[in-house]
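Input: a single structure, listed below in structure tokens.
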Amino acid sequence: MLSGTSLLFGDDGVELDSGATAWMLTSTALVLLMIPGLAMFYGGLVRTKNVLGTMMHSFTAMGIMSVLWVICGYSMCFGGNVLGGWFGWNPEYVFLSGIDTSIMEGGVPEYVFSMFQGKFAIITPALIAGAFAERINFKSYCVFIALWGLLVYNPLCHWVWAEDGFLFNLGSNGAIDFAGGTVVHISAGVSGLVAALYLGARRGYPSDDMAPSNLVMTMIGAGLLWVGWFGFNAGSSITSGLSTAQALTATQAAAAAGALSWMIIEGLHQGKATALGLVSGILAGLVAITPAAGVVQPMGAMVLGLAASAVCYLAIILKNKWGYDDTLDAFGIHGVGGIVGALLLTFFIRDSWMEEAAAMAEGGTWTVLQQLGVQTVAVFIAIAYAALLTLVLLWILNKTMGLRASPQNEMRGLDNAYHGERGYGMLNPN
Amino acid sequence: MLSGTSLLFGDDGVELDSGATAWMLTSTALVLLMIPGLAMFYGGLVRTKNVLGTMMHSFTAMGIMSVLWVICGYSMCFGGNVLGGWFGWNPEYVFLSGIDTSIMEGGVPEYVFSMFQGKFAIITPALIAGAFAERINFKSYCVFIALWGLLVYNPLCHWVWAEDGFLFNLGSNGAIDFAGGTVVHISAGVSGLVAALYLGARRGYPSDDMAPSNLVMTMIGAGLLWVGWFGFNAGSSITSGLSTAQALTATQAAAAAGALSWMIIEGLHQGKATALGLVSGILAGLVAITPAAGVVQPMGAMVLGLAASAVCYLAIILKNKWGYDDTLDAFGIHGVGGIVGALLLTFFIRDSWMEEAAAMAEGGTWTVLQQLGVQTVAVFIAIAYAALLTLVLLWILNKTMGLRASPQNEMRGLDNAYHGERGYGMLNPN
Amino acid sequence: MLSGTSLLFGDDGVELDSGATAWMLTSTALVLLMIPGLAMFYGGLVRTKNVLGTMMHSFTAMGIMSVLWVICGYSMCFGGNVLGGWFGWNPEYVFLSGIDTSIMEGGVPEYVFSMFQGKFAIITPALIAGAFAERINFKSYCVFIALWGLLVYNPLCHWVWAEDGFLFNLGSNGAIDFAGGTVVHISAGVSGLVAALYLGARRGYPSDDMAPSNLVMTMIGAGLLWVGWFGFNAGSSITSGLSTAQALTATQAAAAAGALSWMIIEGLHQGKATALGLVSGILAGLVAITPAAGVVQPMGAMVLGLAASAVCYLAIILKNKWGYDDTLDAFGIHGVGGIVGALLLTFFIRDSWMEEAAAMAEGGTWTVLQQLGVQTVAVFIAIAYAALLTLVLLWILNKTMGLRASPQNEMRGLDNAYHGERGYGMLNPN
Amino acid sequence: MKLITAIIRESQLDQVREALIEANITRITVSRVSGHGQQIREEIYRGRRVVPNLTPKIRLEIAVNDDFVDTTCQAIIDAAKTSQGTLGDGKIFITQLEECIRIRTEERGGKAI
Amino acid sequence: MKLITAIIRESQLDQVREALIEANITRITVSRVSGHGQQIREEIYRGRRVVPNLTPKIRLEIAVNDDFVDTTCQAIIDAAKTSQGTLGDGKIFITQLEECIRIRTEERGGKAI
Amino acid sequence: MKLITAIIRESQLDQVREALIEANITRITVSRVSGHGQQIREEIYRGRRVVPNLTPKIRLEIAVNDDFVDTTCQAIIDAAKTSQGTLGDGKIFITQLEECIRIRTEERGGKAI
């Protein structure tokens, strides 16, 4: 138990920063907290008979994606370009075997960075699950997220965050995606939309109402998500300093502004401010600030939160009009919110960042519009790639294993059909 | 994502302490965790039909108070004295626009301090809500907390914690309020009491029993509050060192002693130790140690926890005798516990603190009784100011918007009346 | 509030490491989070009428064990050998009065270490409670855990973790128990087994099924346990550096592998992968990695997780065959998982550790088999000591206070019988 | 003796209970049920007003002696009706009760009600 | 008028509701109950298949006019039966309904059903 | 055939079930209800003993053939009564059951019970 404080320098002579390490360890824990948070958020919104099945979508991702991450995910994301930069690879990263004592430039052990990043690879497929909740076959889901992680998440992550990723180097100072607007939210949202369309609506949708089984749990889940998001965004600074503080502040401001504006919009539109509305606003704000947390100041963050709530609110109204069944609005919140954030952030970038970008640019100038172009390209690539690959994966799985629960299983509920359990035993005298 | 570790010094040349920053970031997350924790604690104690409405009181505060904090709250609390010291102001703090790269003396970015403090401004009005739960109009509540934050919380916070606040400079070494005994708990408890009296009792109180809808959730909420309180108290050291460790230890000791003594007292008095009693004891202990965490040692902390449980237990018995309806005992626990802590701490102050105070005092001596005097003055001022302003605000709101839910809405329940939702859909087959 | 950043050195001149301190403070909070997490995990598995009583087993431990820890627990665990090394003692540690400003070698205030360790003393008896849930008398439980803490936990902790503990010095480099495989999990599991056998099965077991009241809560609890376990394991490095990162990585890998393998095993065996199975696998993995987190690399951690799931799954099948009533499988998961981890880790020890051990060993060599011997001895001692003392304690308590709830109280349920409350008021219209 | 079973809105439970107590009917049994009838438009889900396919309702069971049937029904009707009667206000069913036993005293018949 | 009370499996609720709607029986009241009958083997608990001593069931209450009794029962039976009938499929109980009142309109008797 | 409906204390459920099984009555349906009767003083809320206005109760429904009515009632009474009978022990209601159908086999009448 008492050991090892002597290891102050890594193999490569970089000095350890115990403070930065402390915050990154904490961030890793906080992002992990988002998985049960998400399970609660989603689980509370489905019908009683599907609550465990829906929570299992998040929890299974913790198992499958973590194991894959250790085996090859980290290598595919942060290894050097292979296959023309489609993804990365580094044999030393397989089973994380080569980073046992390596310390990164900022003084943080590479293990911590790897574990922190691994949590993003868990939550992204778990987010998708919201789109086809209440009707997917459990086994197919497991296979789907494994393949999706390997073929969609890992390449995208490599492009955006690896030092030799092509989106990382787009334009003068790269496409801005501080903590995963494109990699996490847009990719999950778009893939969810494709899957929802491909699988078709739930039996009885939209004529029957499918009332949430536990909004109380959904609210608590939203609370945990907000807390965990501090790790998600402020942790993405990979240090514990000014940039961390800036990201945390932006996160708080955007979430609060999102919550408040959704409440006001809904209050004006429907006459009542719902609890689900408030927490949806929190999420919209958090999603929108995710790509932007490193570059915007508090006022900009508040505008982003407000805009995200307004646009997501509209998007859900449109969904209801068009009638497709994105069960828990994975696209409506994460896809749309992510796009709003990734594009709109351009107008609120901190001057210092723009100056840096200008210094790096050919010709020594860099304008907001140029950056908007870069952002648009990145968003478009994320959408196109995620949509296409998801469609291919779904098609293959549908032909081989079948994707959709049988009508009978859908009526029984996922909990009984795939897990042989019930979520709330207390509902019956026992 | 990989960026900014170069910012090791703020504008003013103060060196960043990445460790202190890491703990303050964590504390900020922990204090935010207290909001869902409080929502769960309160939400579990009300009737089923009011659970979402009650949780919304906490969640809405996250939206409203955070937005106000960024706009002007931080400025009113920590800016320089204006209007004769009624509150503070600093134009650079508006929208936090002037602290983007500022690092405070202890090596912590000012953003982090601001966000940490902002969480206190969220939780204080959310605590009040317990006093008038199950019967307040939602819109009026929103306006009330906004005004209360601006006119009660911000001035009190300025007086006690700003360097030029008059309570900060009372006596030799100031009134002791480490983490918010007066600012948070006494002010919330007293305001709650005034509001409960002003609004009147719930329909049917006290003849009808209003059994808690979900004590399980209340217990979990208490657990999260305890965890979050480490951020609240230990974070209030604004560093990561010995004083932090002392505060954390005192917090743990007081909470445990409070829990144990409530259990024993209730066991002796009623023959059974209830779960609600145990968690009430946890809260009483935590509240009492809040002002004291920086100055008392573990044994003193345990006495404080024990005393708080005993006095709060008594206070609630008296409430039941007098028959006023402080729904969730915001006054009985937070008001009374806060007063017990703020006064009783005087007898357990660490010698080093008293020596310091003596050194700063005219004449070179400073006695426990003198400090008790200072504490009493601070407590009295907090009570008087909070009570008076709250009464004025309630009166105005009552005349203009109406404060209380109509009898019909009270019978339907807040969830249905103000939010158009139900908390536990699972209770009905669906 | 703003104070004390000057205390950068302890009495003994050791320099404070604010980063290590930050992570240890965080770890302390994370381990505390495990208590409500455990309460949720256990509470969700019992019948509705016992939910509060079961959660109270964890919550009461927070009160009782913390108070005892401050009074004498820390002294008994980390004081110098007394009574031939049965336990430790240091009068300065009584009420923690002598460590107010002491900083440990690694730069962490001793208070923080003490509070971190104190959480382990809370959770261990709380784990036992799973074995005799739904049938123990509440008062006797309170007395039992107090005595068990003093007579079983404190000595074991002293032997394994104090610098002069005899297991700490066994073999060349000590018995490996990084974060409590023997001290926490084996001792709790074995004591639980003894208690379950001594108390006898629940009324109606096994012919009646006793379906879980709230698997949703159990899942959330498992999620919180995973998050908290980062503090448990990575915090046990008592620093914030490479060894911390290694422990965190091993923890994540083992938990994920455990989850995935339980899911697959159950899927193959029963045709369905249950939610309870998945979270049991998470726990099995976490338990197994607890002693090992400091010495194994990710691949080894994954093997440990996998093996733990397989063996625990088998153990529970055997339990069902043999028919004894370890209500929540405290032995089946914690006892068995702990043993698997403590022994199996030997085969995956990092080379650097073995080299160090060899350097310290007489003759300069140290083999895996020698270490396996050491581990076996430590495991055996923990099992024998915990089993024997637990039996004696139970026998005495049974003779004096009575241990088991009366049949009538068992049928009414613990909540009503011992606490006069109900967990889920919402189940009834109110 | 009759057994009166009433299905009412959740939101009217307090009102109905107060009305019954006023009419001196203090012994009742209440449970949560869900109903499907002619009612529509009830709740809001992410900005959309939706029709819950099974609307939560409250079920009252009241055993009464024959001469109390009318008072009881009238009390329920008056308190359960919302603004002159709207869809979803509920139903009352009356069945014949053959025997009633008070467990505590083992009394039977009308005096056990 | 008759009061039909059916105890069915939870998993058949959707199917039964669809069948009833098809048979034009749209007004029903549903509640959660637990039952004990001849049924065994239902759920999995840590690798063991167990017999819940009280199995969750759904209870339907349907007030119908006399000529609808047979249609209603047949619709329920057809939809609630699992694979040619297995233990635990449930029961239907029929009792005489003396009076039915629609609270909204205070209509009584058959037309209030 | 009769339909026996018993309202008992939650805390007596296990005892009543064991008694019924002993009396060979194994098929029952159970649900959670809340009741209001003469009972007072039940729970503790922050140091105060309070009267829940609606006390949680358990409702048993048992369809039996006529010659089983007495055994069933007696078994319930004996097991549900607490210490010679205290307020709140509950009630038994008996109504006429016209028809009983076993869904699995479509059997009707007494043999379907």
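A, B, C, D, E and F are the chain letters, set down in written order, and residue numbers restart from 1 in every chain.
What we mean here is this: a contact is a pair of C-beta atoms (placed from the backbone, for glycine too) under 8 Å apart; a residue touches a chain by one contact, two chains touch by 3 or more.
Since this is a predicted model, take the numbers as computed values, not measurements.
Student: Return the chain whose centre of C-alpha atoms lies at maximal distance from the corresponding centre of chain E.
Tutor: In terms of C-alpha centroids, the chain at the greatest distance from chain E is B.
Student: If more than half of the interface residue numbers appear on both sides, call it same; otherwise different. Which is it for chain D and chain F?
Tutor: Mostly different residues form this interface, as fewer than half of the numbers used are common to both chains.
Student: Higher C-beta contact count, C-F or A-F?
Tutor: By number of C-beta pairs in contact, C-F is the larger.
Student: Would you mind checking which chain's C-alpha centre is most distant from the centre of chain D?
Tutor: Chain centre farthest from chain D's centre: C.
Student: Return the distance between the CA-based centres of chain A and chain E, expressed in whole Å.
Tutor: Taking the mean C-alpha position of each chain, the two centres sit 44 Å apart.
Student: Measure off the straight-line distance from the CA centroid of chain E to the CA centroid of chain F, and report it in whole Å.
Tutor: The mean C-alpha positions of chain E and chain F differ by 20 Å.
Student: Suppose each chain is reduced to the average of its Cα coordinates; what separation in Å results between chain B and chain E?
Tutor: 51
Student: In whole angstrom, what separates the CA-based centres of chain A and chain C?
Tutor: 33
Student: By the touch rule stated above, which residues of chain A touch at least two different other chains?
Tutor: In chain A, residues 17-20, 22-23, 26, 51, 204, 211-212, 214, 240, 270, 272, 274, 276, 419-424, 427-430 touch at least two other chains, as defined above.
Student: Name the residues of chain E that each touch 2 or more other chains.
Tutor: Within chain E, residues 10, 13, 30-34, 43-44, 52-54, 95-96 contact more than one other chain.
Student: For the complex, which residues does chain A have touching chain E?
Tutor: 49, 203-204, 411-413, 416, 419-422, 427-430
Student: Along chain B, where are the residues that touch chain A in the complex?
Tutor: Spelled out, the residues of chain B in touch with chain A are 1-5, 7-8, 10, 16-23, 25-26, 28-29, 32-33, 35-36, 39-40, 43, 51-52, 55-56, 59-60, 62-67, 70, 95-97, 100-101, 103, 109-112, 114-115, 118, 138, 214, 217, 240, 415, 418-427, 429-430.
Student: Quick one: in the complex, what on chain D touches chain C?
Tutor: So the residues of chain D in touch with chain C come to 10, 13, 30-32, 58.
Student: Along chain A, where are the residues that touch chain B in the complex?
Tutor: Listed in rising order, the residues of chain A that touch chain B are 17-20, 22-23, 26, 30, 47-48, 51, 105-107, 161, 163, 177-179, 210-216, 219-220, 222-224, 226-227, 230-231, 234, 236-246, 248-249, 252-253, 255-257, 259-260, 263, 270, 272-276, 278-279, 281-282, 294, 297-299, 302, 350, 423-424, 427.
Student: Quick check: in the complex, which residue numbers of chain F touch chain C?
Tutor: 10-15, 32-34, 43-44, 52-54, 56
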